[in-house]
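Each chain gets a letter, A, B and C, in the order it is written, and its residues are counted from 1.
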Amino acid sequence: MIWQDLLKIRTDAPLVHNITNYVVMNTTANALLAIGASPVMAHAIEEVEEMTGLAQALVLNIGTLSQSWIEAMLIAGKEARRRNIPVVLDPVGCGATQFRTNTVQKLIDEIHPTVIRGNASEIRALISTGSGTKGVDSLHTPDEVSEDAARLSKSAECVVSVSGPVDLVVEGKVVVRIANGNTMMTKVTGMGCTSSAITGAFLAVNNSAIRAAAHAMAVMGIAGELAAERAAGPGSFQMNFLDSLYCIKESEISQRLKMQGFNQTSIG
Amino acid sequence: MIWQDLLKIRTDAPLVHNITNYVVMNTTANALLAIGASPVMAHAIEEVEEMTGLAQALVLNIGTLSQSWIEAMLIAGKEARRRNIPVVLDPVGCGATQFRTNTVQKLIDEIHPTVIRGNASEIRALISTGSGTKGVDSLHTPDEVSEDAARLSKSAECVVSVSGPVDLVVEGKVVVRIANGNTMMTKVTGMGCTSSAITGAFLAVNNSAIRAAAHAMAVMGIAGELAAERAAGPGSFQMNFLDSLYCIKESEISQRLKMQGFNQTSIG
Amino acid sequence: MIWQDLLKIRTDAPLVHNITNYVVMNTTANALLAIGASPVMAHAIEEVEEMTGLAQALVLNIGTLSQSWIEAMLIAGKEARRRNIPVVLDPVGCGATQFRTNTVQKLIDEIHPTVIRGNASEIRALISTGSGTKGVDSLHTPDEVSEDAARLSKSAECVVSVSGPVDLVVEGKVVVRIANGNTMMTKVTGMGCTSSAITGAFLAVNNSAIRAAAHAMAVMGIAGELAAERAAGPGSFQMNFLDSLYCIKESEISQRLKMQGFNQTSIG
């Protein structure tokens, strides 16, 4: 089914509207293009509602947030919900500052995102006050926060996708684990943000939010493995990652997939 | 003559002032450096007039526009015209939202750009209301909008450069076609924006706006061909594209050029 | 001692808070990750004080400055000084516009940065009014401005780091020269900004500001040499530069180092 989603992305080229941070705009636009989607970045209050209305998915990312961008996210997010366009929320650095934690809480309350995709520390910060993060990097593993993820999924009524050495994708009591990926992914900025953008692309072609979120993490992880095998460091990893997203084959997915939870496929 | 322009860019390193979008700032600065120009990005209302006064070309790009950036573009654009500094306008996503279409119309009316460089859907949106675009990607080919381009060239009294499988560069009744390029260029974000920036560099060294615009598209296309031949996907294409812009040789241009309109050179 | 600093950066992964320009955010975040540090970019007035309080170094860069960003820099810078967190100031394009020169003067007066890191024209513009720069590129060499650097070091009571063919790092009457590097570094945008960010990482692990600043320039230069030897142009240089920062070995540093001033090591 991952392959079916990918083919549909490549065929339909869904428009993914991103209101995201300055650091990763270029990276995530290129990742969306590489996988076959059509990215657009727009944040002006005067146009976000109209732009969201054209899109098949909306991705909100608070990485370099400021007041006017939050307003744009709220307008776009509400329009997306009104039109049943799926919304991914990436709570970058949530827990690092009160401003971030409060903003994410407000976005969740007012937008009701379809998927919240963050690292373990960010997800924990949404449930356990005072847990702390180190800037935008995680101090926890997804498995350490699986209960937090389940509670957040229940309270926010959405899918929670937690990236890390083994990714967790949680909806209520359903937990999917994806053990693909490579540590080189932590040496390049914006891989988490890219996961969120790619999740948007999968949501555009798959009505099951938990499947879309899991498929996105699987493709991210497998492309990361393929790229790491050809890389001498984070520079060549970045280049190979985009090439891998573009070239990834059905056989590479089926041979490498380590996803557990939907069916009997074991984690290798 | 393309080669003469390139040599002059490499020798003079003209300062190209860009008020452009967040997604492509890094990419276009690197492309300008690779070709031999000297890029500067500045958008503060307090300094754009002074910075424009130092530059040999100004590039305005509305990719991630907002109100304060439009004001900066208007100030810089008017100063450029007052000083006879050539101005390129890139109407990114024009037609996707009313805000974009209105902004581009205002910029054309108040600045009178030297060259408008966009994709076919963006150019059509400036002439035919209700034509629509898909976010920032084109739904039309340049040849489908050649009449629109001619009308826009006449009404805005400028050169209109339309990028696509075969690029069109139009000034009144003169139409130049450039058939260089590679489809991989559509799999990387910001190649259109890069065309606009490179057009700025050529305008800085060639007083004929139509020749400068055509030469820029030819060099973009040929560098794209060279890069695609060495690329395994969009990641390695990006890397090779910058290398190609930097290393491009006179013989590569003369052997590959597919430009029609100025003279008898046929499209291969 | 450079190697000890590098090991400490890789082990401690110090959090480096950057309020920097749009063009280089991605590049500098990736360079900090490649060297082993943990970057964070945040500029909202509501959170910069709190974010700075979590960091081991603060890097302020005015490349694409505007009024609200200057306010954020002032808040963050003052908080850093209050907490004895080292501050690097990069006066990008200082001298090109009055707005830049005035802003840098204000930041120096109110923050008292630990290190000012710029190119020769930027440093000169802080001392000699009317010297001029060409946008953000230098028209002078560090040696031509060594007296200006010494005067600035004295008046601002900080280390002054001037990048160029031979870098100068100056504190009062102490002058360190680093002759590493490669001209390809001038063909990629943001290498100066990356030097400033990397200086932040070294300040986080070395209490001697002059040593931290010199070590940063040495590692930048040596990584630049390694990358240039493997590069066909600025695209592949960029990729190899990140790989080199990540992979750099003790032997590569000791064999290539051309640093003069702390001891007898001669410039080769």
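Rule of thumb we're sticking to: a residue touches a chain if its C-beta (ideal position, glycine included) is under 8 Å from a C-beta of that chain, and two chains touch if they have at least 3 such contacts.
Quick caveat, the model's predicted, so the values are computed rather than measured.
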Degree value of the rotation bringing chain A onto chain C, based on Cα positions, nearest 5: 120
Residue-number overlap at the chain A/chain B interface, same or different (half cut): different
Rounded Å distance, chain A centre to chain B centre (Cα mean): 33
Chain C residues counted as touching two or more neighbouring chains: 22, 26, 238-239
Touching residues on chain B, where the partner in the complex is chain A: 21-24, 26-27, 63-67, 93, 96-100, 134-137, 186-190, 231-236, 238-239
Residue numbers on chain B that touch chain C, as the complex places them: 13, 15, 17, 22, 25-26, 29-30, 33-34, 38-47, 50-51, 54-55, 68, 238-247
